[in-house]
Each structure stands twice: as C-alpha cells, then as structure tokens.
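The following block contains the structure, expressed as structure tokens.
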C-alpha cells in the first residue's frame, strides 16, 4: 500500500513570477491563512452534513465530530503511536535524503553512473510497499523498526534524488560558460553555481519526501514489525468496527505529515528567496 | 610566436541543425599580438560571437588550429589567461552586484580584504558604487551590463574578450568606459578582442579593426588604425580618425561612403 | 485632446525594495500626438524602460494620470492600440521565427493565408527570409532582436513602443531598419515612442527628442527636431541634422559640446 | 549554444543506445551484487547489540542471505516457468502477465480520471490564486490519508451506487482509488507549469491584450510542457501503484495486487514465488511510465528552453 | 413457513422468495470455505431455490461484517470476536445464524526447546500475531494468565512464517489449516527434509481460556425480523451450506480439488498448491465435525468467547468489548430449522470426521 510513496513533483523552484501580473489584483496576505481554513471548514461542513444529517455515508466514514472526540479521549495512546511512526519517518527522511544527495551527486558528475542508476531508480519508484516490506522484514528481521525505516528511506530517496539530479542540471548555459571561462574547478563550479541552482530543487524534493516518508512508514506497519505505530492501530481498529478510533489515528498520521510538511516548506522558503531568474 | 595572444589559422565552425548544417565560420585566420586591441565588426549573424566563444574555449572549432599565448585554447582557459564579457550579462541572480563582480577573484582565491577593495574600485569604475548591494533583477539593462564588464576586468587578465559590452549603454557612460578600457588595456598591457557594431567605437579603441561578412562567416578585411597610443577626446575629432572610420565603413559596406555624424 | 496618442501628467513610479524605495520616475509630463515620433534618451537607469512599461500598462504608475488615445492605459492595451518591442527580444523558444512573428496576428484571428503573406513581408523587411523556419536558439543576438521588431510591427498598431530595438544591430541593418521604421510610421500614421542611446538615431527618427535624467528619473528637456517629413540619406548629412544632434548632446550632457563622427 | 558534434539525429540515436547500455549494466550490477553478497554474507545476518536469549533484539546491520531472505536470481527466474499454484496451473510468468494486464487496464482508467481531475484542479488554482491558497494545502493533506482508511469508503460508495441502480463494477472503485494517487502530481505539475512562463513573455501576451484562454493556449501550456511531462509520467506510475494497492485493499480479483499478497503468503515454503509478481508490478510501473514518456518525444520543441548538462 | 423442496417454496407465503443472494467470505478462496464452493459446484443452492449465489472473496481491507451491515451482501462469514467488537462499537445488530467452526483453529507455534509450551510462558517473550483483529484470542488467553500487553512484546506477522523461522519472534500465530502447514512445507536446512511437527512446541488456543469461536455465518438481525423472505432465504441457504459441508466432510479430496480449481480458474486467484488445500480441507473438517449437529452455536463456547472478549486488552490497553452482547447476537433458530428439514429429507447432519493422512510437500504444490 504505497499510497503516494513515489510521488514527486516536477520541481518548481521559482514558482510564479513575483507579484501579480497586470490585471491580477494583489490579494491581502491574510487570505493565505484564511483561505485554507475556510476551505477546511467547508469540507468539514459537507462531511458532517453527509454523515450526520443525510446519514447516507458509508459506515466506515464516521462523523468528524466523533473522530475529534475519539482523538481527544484517546490522545495519550495515539500520541505514543505517533511518536513511533514519526521517528521511523524522520529516520527514513534523513537517511533517504542523504543517500539521494550522494547518488544524485555521483550521477550528475558521471554519465555512466547516471545511466546505471536510471533504471534502478525508476524500478525503485514503482515497487509497491506491499511487495517490498515483507522482503525487507525477512532480510533484516521483523522484530525491529528497521523494515519500516528502510521503506521510508526508499520513499524519501526517490523524490530527493530525482529533484536534486534535475536541479544539478538546471544551470543556465551563459552561467556555465562564465564559470568555464573562469576556469573554475569542478568543486568551485559546484559551490558557486551548481549548488545554488540546485538548492531550491533539493528543498522541493525534501518537501515532497517529507510526506512520502510519513505515509510510507505508516503503511509499512501493515505488513509486519512490532505491533505499534499509527498504521498498526488504523488496521486494527478499522477492522473491528471502531471506525472513529481508526480515523482518529488517521488524524494523528495527518498531523505528523503536516508537521513534516510545514517544516520542510519553511526550509524551502528560506532557500528559494532568490532563485535563478 | 610567444608574443601572440591569439593565433587562429584556418578556423571553421559548423553547427549541425535538423534542417542541415549551418556554417558559422570558415577559414578564419587571425593573429592578435600581446597588448594589441582588435575589434571585430560585421553584420548580425556573421559569426563574431562564435569566434569569441572559440577563442574562449567555450565551443570547439570544427576545423583549423587555434592557439592562445602559444598554447591550446583549453590550456589558456585553465590558466585563466583571459577575462570575458558576454553579449548577455549573465549575472548570477542570487548574488549581489558586489558578489557578482568579485566572483572571478573568489574563484582564484584572492583574499577577502583585497577582494573588497578591488570590488569597490571596479564598481566605481562602472558607476555602480551605490548599487553594490542590489540584486541583478533590481537593475536596469545597462546597469547589468556594466556589472558584467566589471566582472570581466576583475582578475586583470592578459586577454580580454568582450562581446558588444557597451551595446546597452548611453553615450556618456559608453565614452567614459571606452576611455577606461583603453587605459586599463594599456596599463596592464592586455590584449583585447572586442565585438562591436559601432564603427567609431571600433576605430577609437582598436589598433586593428577586423571586418567580417556573413554566410559563411569569414574575415573580409583587416584595417590598421595606426592612431598611436593616445586615445583621448581630441582623437575623436581628428582627421585621421574620420579617415579610418570611413575606411572601415567602406570595407564593411563594400562601396565608398562619405558621411559622418551618425552611429 | 483626442489627437493625443500618449498623455502623461505627473506620472511617478516607485519600486518598493527590501532596502527601501527606489524612485524610478517622478513627475513625468509627456504628450505624444497621433502620428508623432518621439524618442526617449537618457543615461542608463533613468527610467526609460519603466516609462514605456507604464504606457503599455505592463506596470501601474504610483502617481499621476496616463491616457492613451484618450482612454486609460488598460483600455488601450485591451483595444490593442499599440505594438511593443522589448529591450530583450523575448521570443517564444518553442516557436519558429515565422510563428513568433505571426503571434500577434494569430491572437487577433487573422486568417492563415493573410498571416503568411504578412510574415513573409516582415521577414523580408528585417532580412530574415532565409531563417523563418529556425528556432530562436539557433539565431544570433541581432537576429533575435530583428524577429522581435518584426513581431511588434505585425499588427500595424497606431502606437509603437520600442525599447532600444536596434541596440544589437550592425550599422547597415540599423540604418535600413531606421528608414523602414520611419516609412512605416508615416504610412500607417502611427505614433512611435522610441528608446535609444544613440543621439543621431534619436534625431534622425524623431519629431521630438525627450531627454531624461536619473535619480530620480525625470524629463529634463524636450527638443523639437523640426526636420520635416523627409527622412532620407541626405538628411543624415544636412546641417540642420548636425545642429539638432548637438542640441540633444548638450541637453544630455548639460554643457555645450561640439563634436561629430562618433556614436 | 551548447556544443554539438556530428549530426544531431545521429548523435541522439547513439546517446540512446549508450544510455540503454549503461542501464543494462546497472541492472546487471545489482544482480551480481545480490549473488555476491548472498555468497559472502552471513546466512543469518549480522546483528549488533543482541541480548542473549532474546529473540529479535539488537540491530541487524548485515541482512540475512539464506534462501528465504535472498533467493538465488536463477531460482527466481526458474520459478517464473513453474506452475503458478502447482498442479496444471499455467506457468507463473503467464499468470503474472495476465494479472499485470488486468491491472494495467484499470490503472489506465485511473490515470485518465486522475489526469482529468488533476488538470482541472491545477488549472483553476493557477487561474485564481485564492483557490490555490485554499485548495493546495488540502490537496497535500489528501495524500497523507492512508488508503486503508479510504479504500473501503470508496468501495462502499461504489456498492451504494451499484445497489441504487447505477452500474458500478468493482474495478471502477479500484480505478477511482488509483486516480486518487494519480491526480496529485498532475494538479501540482499543472499549477507550477502554467505559472512558469518568463515574465517577459507574460508581458508580451499582456501587451497583446490576449485574454486568459489565448494566453493559456499559446504561452502557458507550451511553457508548461517541461513540467507536465514528468507529472504525467509520475501520475502513470502512481496510478499503477494505486491500482495494486486498491486491488489488495478491496479484494478485487484478477489483478497483480491480489497475486502479490497471495504469493507472499507462501514466502516461507516457496520463497521465489512472490518475486514473480514483484517483478511484474515493477515492469508494469515502468511500462506505464514509459509509454507516457513517449508523449514527450513529440514535444521536443517545447523543451528547447531546458538546459541539459 | 414454506421453504420445502426446491421449486415449491412459497406456496402459502405472502412474499416473493429470494433467488439471488451474496455471501461475503472473510479471505480469499481456499479450502477454509470449501462448503460454500461445494454447495455451488454441486448445485445445492439451486436445489434450495437459488438461481444465483455470488460468493464474494475478501481482500485486505474489506471487513465481512461491514459489508453485511452496509447491505452489500446478504450473509457473511466472520469470526465471532471480531463481529462482537463491531456490534459494540457501532451499535448495529447482526446475528450468528450458524456456527460453522465449532473449535478454534488458532495455534501459537514456538521452537522446541525454547520452553514456550503454554501461554504463561509468553512473559517477556516476543509474540507474533497478524493483528487486524486476529489477535484477541492471544490477549484473552494472556488475560487468563494475568499477563497483559506490557509483559510481552507483540510483533505483527506478515503473510509468511519467516518471522518464526528466522527467530524474529519466539512464537508465531498460525492456523492449523494454513500457516501451520506452511511451516511444515519448508525444508529444514539442517536435515534437508521438511520441518516436522516434532521440531516445534504448539499451543492450541482451543485448549486455553482464550478459545474463541471462529468462522460463523452472520445475517442482518433486523432484516431477519422484518423480512420474511430473508428469513426464509436464510434457512434455505443454511440447508445448502450444510449439504456442502457434509459433502466436503465425506469427500475431502474432491472438495479440496473443487476449491482449488475454482480459486485458480473462476476466481482468478492464486491459491497455495493442491496438497496444501487438501491439508486445509482435512484440518477444517476437524474444526467443523465434532460429533454434534452441524452449525449449532454451543452456548458454553459462546459464553467462553464473550468472557474472553470481555477480559482481553490489546497493546493499546483497549478492550474488545466492555458489555455483554445483545441476545440477538446469535440464534440457533434458523440452523435448527434447516437441520430439521434436512433430517426430514434423510440427510445425516451430525457426525464426526475421520481425518485422512495428508503428506505435505515442499511449497504445498
């Protein structure tokens, strides 16, 4: 159950042209925060209407109110499981990103490495967690968190690798000419040109990897390892009719994912303040 | 031969495109002595930029031989024998004006203190002292080009390659920079290969003006200006100057023209 | 008042930056009559591009009023009252030369047949007939700029805004295009606002030359050339022409200068 | 102006072959490493910090190499030609291929739905920044909801519709779940891609008073191509992954997802068996992503601006 | 009322008899569900007046009792403790109308010599379980020994038995009819032969306080009351199913083959090989045919299940249920009626099963 395990975005380092174009009104900054909240309230309202008023929603989709109640009531045990899953995801994110940086650097430096890695990375990107987790658990032991951390590592590796490799190749011809004409060494070119150009891509990769690491760590729990963590709990309670409790755990998972996402988004913001024009 | 800054013999460059090959340069023979100032002039698309890129070892010639200070172009590039200013400014957008100017120095390990005096000097020279902390996207087109010029001068190279560096500058700034450039070239006895579209500019600056022609790009004429060392305001009004301008114009247009007072 | 192509009154433009505000323009009053040819000249960074962008409604003035053909700039933009050529060519990299030139026509629903005759005409005009099927990255800098000029002329607008369009062109091409531009402007009785750094060019082309000054960007002088309708090679050598060139140079440099023969 | 040798086409072809060669070498290297490690590595792995008498304690730093953990490559291959479930069932590779085709078909439908939904979302978010601000965070959140919570809901809704007279086959639920993963990269890719044109080009279109649609058609879409292609490719890979998961999750018959879990159930006694559908699903993902990548070949002109090292 | 022989059902009824129904299994097609597939294959459903019986296998996340509550299916096979959990958590009403498996088939398997021979030995050990609601017997048995989830570490087993084979867990959960066979289909690297039962210590939950009732046929309580056609269909359905299971008892080889064929052909599933299916058939028969009438809910076993469910606490320290289930949670009414009609037709509905000898092969092929 790989979910978005290999989703990666076509790296958007620069995003929009700064400021609104002609004809586009400048929106007040507070809307940035209010808009998602309003949409969130709308979603909740429709959900509540569907579940509590119409009553036609499937049984496994409880009312958000019930979910919130369960979440508050069971918060201590949910928190314990959140810590486990979050730790696994964090380890996966860090290790996966470091490996991705290393390999992307190698691939960018040497075409043969790039050529050799290409099919392997593509394959890794499409291998379902349901297939890979049992394999890892058998190879590395099912009683530790290792399998989950490894799955999260793979999930994080892919988008970071792809984005960084792409970023490492985004340098503009005129800039490459400049560095070349300055006889800059390979390392200097990397430090002065390649790295600053790739940095926004790295950050984008990290941002994507953050949510993927969380979902991968969570989903891997379905397929073995210690009976703890958010994923184990979701499976357990979804199957024993405790939909609200299961969804309360889902909420816990979403919170972990959001925290990861917000932190990496913040990092990305910092890194892309001035990106290639 | 060690006195030659640039020695090109039978240099040609062909670009392959989907619709066939484009011959950008054929049979270019060019010698630029150390300390000599040579301008390249010619209609748009005649291969001036291409030739400059070959000299800078940013592209490889498809035929002929090319030596810079007696060594292969690649060696010269690695030895940092030249500084270059491109037709587009090519500033690094995440660096301030000062950091852009200082880039070559940084790359060659100049100490920080030395670097900042030099940056201040160069910013002064191109009239951007007030803008050193700005980022490129906050500059006008001409300002960006001036930063690129300062950057090319930073490392005080023995050979300067400049591709229409003054194209987007107003007359006053342009004249000031022309004077500065000749002064700097003379002081550091650097050779300069200078691409321009302005005949008076080419004549004013150069020891020799190389006239090029397109389709295929080649050298059609070389005009010695013989105007001596003195490059000052008086020269701009001398008869010898007008004479040379006319000569270049004729070489360029292929027929005698007598005219003055326009760019 | 309906005769005015451009009517700017007290126009100002301030850019907010992190390090404080940059006053790019203050108190600009400018009137361009329909069919009139006006050049903007001034040192780098004096706000020429900015003023052009305000007229084109690509930026909004922070103060003052601006009317194009008696209507707000936005309305004029929507009515397609002007054509513009930017300081950088700005060609769409995925379109051939022909498709780039034809873009405005395509957007205004010109029929395919009509479009291709017009494209052929314009490519001929800028001397790129052999290059219509090329992509921008296969062109030299000057060629790209010529494509952009052809594109600006394509829809035969009542007002032409041109930002240093001839900056990267060689003298011959430049002179030919100057003549063509005046002819086209006269034939279609289009008004032209033309940014340039070349004083002779400004004088040769314009009915009036507007001289600007930086920090803050403002208009310091307006010089009527009064050279009449005839814009030909003879004019370039007339005394009246030299006289005007000197007048503009003095206005620009703030002191009397007498000189000729350089750009 | 990058340096190009010989004829552009010839060189492109050559580069393709060289890339394929290196790729094959990479795959080969993994197989060799696998066997080499299997040969050299400790059968029961290497654990540090194990507490005597306590199962599963410590951290395993070298994986196990015995046949259940790491079957020989040739065993995996041989297994492909043995009957899937014993008896006179067809060879494993035939079953894998058949199941993969079923999943591929469903994934294709999921991909189409996902691309349609993602494109519309990306389009409106790009058009109205307020919508971007309002929707994007939730689109991101949507991807953190694990499918186990969500797949049964889709299945139940499908069943509701089916009972209510509408026709809703089970594979449609799988396709919808697959599209849930596929729409995400498309939405984000479209949003970013449509926002990617250079300022000067936007100015140009503005100067032509080109309205939203002409600008979209002539500028934003072409400029978005470099963003769209990877997004579509990712969507294809995700659609396959989603279809596999959804099959497992809602118990649809015939596809490779179900095959995966069923053969994984025999991993102890028949360790090479699960590798069949595992390779099958990888091949499936690669085929899906690869066929979308073919679209890119026709759009090379729209990628002229891209700089490749 | 009037469901008798095929064809004349509904003479005196004021309802249109159901002829099309769906049965939700709780896992993929295998001999565990042989009775239903045999009934289908042998035409027993048609004999009872059904034109169309769809047997719906379950996948990972489809919960049979949820599908039943949602109305996706008419009857469902599910373990009693899992349904009890759902009943309390959601407040819906379902009725166990036939207890197919009379005994628990769950084992906990440990290596011989590790000293894990009873649940009380779990303390401090690493215990494998599949989770997903299959773990309640373990917790109930532990509760009876005063152990809780803090005194053992629970590990989620994946689909295979590798966790035990690699000693990642000290004792692994296994069903007699499935995973237990799987271990015995593995070659012991030390002997070069298959592992033998003697290599392991096996705890059977049937013999512990944690024993719980497993495969049962569930129906919608409210619908049984309100819809006479449904109640009638339930009886007819049970009759067909009983006949199916009787056939499977008397012809285990053929029944195993029927399931294996249907699974690998019609269901496009990928069951473990034929030998494994035969083993499974053999073991399942042992759980069903204990000498008593088929399908009756044994009150003592039921009460034991409820008591276990009340006492068990999982790793999150949550209970499965906190109050006794409603009386409607099981009813022998329908199975008794079905059995009575079958007896009238001369069918022998009780009996013991005489196990056959099944020799496992590597991989169960």
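The chains carry the letters A, B, C, D and E, assigned in the order they are written, with residues numbered from 1 in each.
Assume a residue touches a chain if its C-beta (ideal position, glycine included) is under 8 Å from a C-beta of that chain, and two chains touch if they have at least 3 such contacts.
The structure displayed is predicted, hence computed values, not measured ones.
A.B. asks: Give me the chains shared as neighbours by subunit A and subunit E.
C.D. replies: D
A.B. asks: If you tally the C-beta contacts for D-E and for A-D, which one comes out higher?
C.D. replies: Most contacts of the two pairs: A-D.
A.B. asks: Taking mean CA positions as centres, which chain lies farthest from subunit C?
C.D. replies: Here the answer is chain E, farthest from subunit C.
A.B. asks: What is the distance, in whole Å, between the centres of subunit C and subunit E, each centre taken as the mean of its C-alpha atoms?
C.D. replies: That gives a centre separation of 86 Å.
A.B. asks: Where the centres are mean C-alpha positions, what is the separation of subunit A from subunit D, in Å?
C.D. replies: Chain centres of subunit A and subunit D, defined by C-alpha means, are spaced 15 Å apart.
A.B. asks: For subunit C versus subunit D, what separation do you get between their C-alpha means, in angstrom?
C.D. replies: 52
A.B. asks: Quick one: subunit B and subunit C, Cα centre-to-centre, how many Å?
C.D. replies: Subunit B and subunit C have C-alpha centres separated by 27 Å.
A.B. asks: Going by the contact rule already set, what residues in subunit B reach two or more other chains?
C.D. replies: Residues 15, 17, 53, 88 of subunit B each touch two or more of the other chains.
A.B. asks: Residues of subunit E that touch two or more other chains: which are they?
C.D. replies: 60-61, 63, 66, 70, 126, 155, 158-160, 162, 166, 168-169
A.B. asks: Using the touch rule from the top of the page, what residues of subunit A touch 2 or more other chains?
C.D. replies: In subunit A, 1, 22-23, 58-60, 134, 138, 141-143, 172, 222, 235, 238 touch at least two other chains.
A.B. asks: Which residues of subunit D touch subunit E once you look at their complex with the stated criterion?
C.D. replies: Per the touch definition, subunit D meets subunit E at residues 44, 54-56, 64, 66, 68-69, 83-87, 89, 95, 99, 148, 151-152, 155-156, 159-160, 163, 247-254, 258-259, 261-270, 273.
A.B. asks: Please name which positions on subunit C make contact with subunit D in the complex.
C.D. replies: These residues of subunit C touch subunit D: 53, 56-58, 77-80, 82-84, 86, 88, 90, 92-94, 103-104, 106-108, 135-137.
A.B. asks: Residues of subunit D touching subunit C in their complex?
C.D. replies: 1, 198, 200-201, 203-210, 214, 218-219, 222, 225, 301-305
A.B. asks: Give the list of subunit E residues in touch with subunit A in this complex.
C.D. replies: 60-61, 63, 65-66, 69-70, 82, 85-90, 92, 126, 129, 131-133, 135, 153-160, 162-163, 166, 168-169, 314-318, 320
A.B. asks: For subunit A, which residues are in contact with subunit E within the complex?
C.D. replies: 1, 58-60, 74, 77, 81, 133-134, 137-138, 141-143, 221-228, 232-233, 235-236, 238-243, 245
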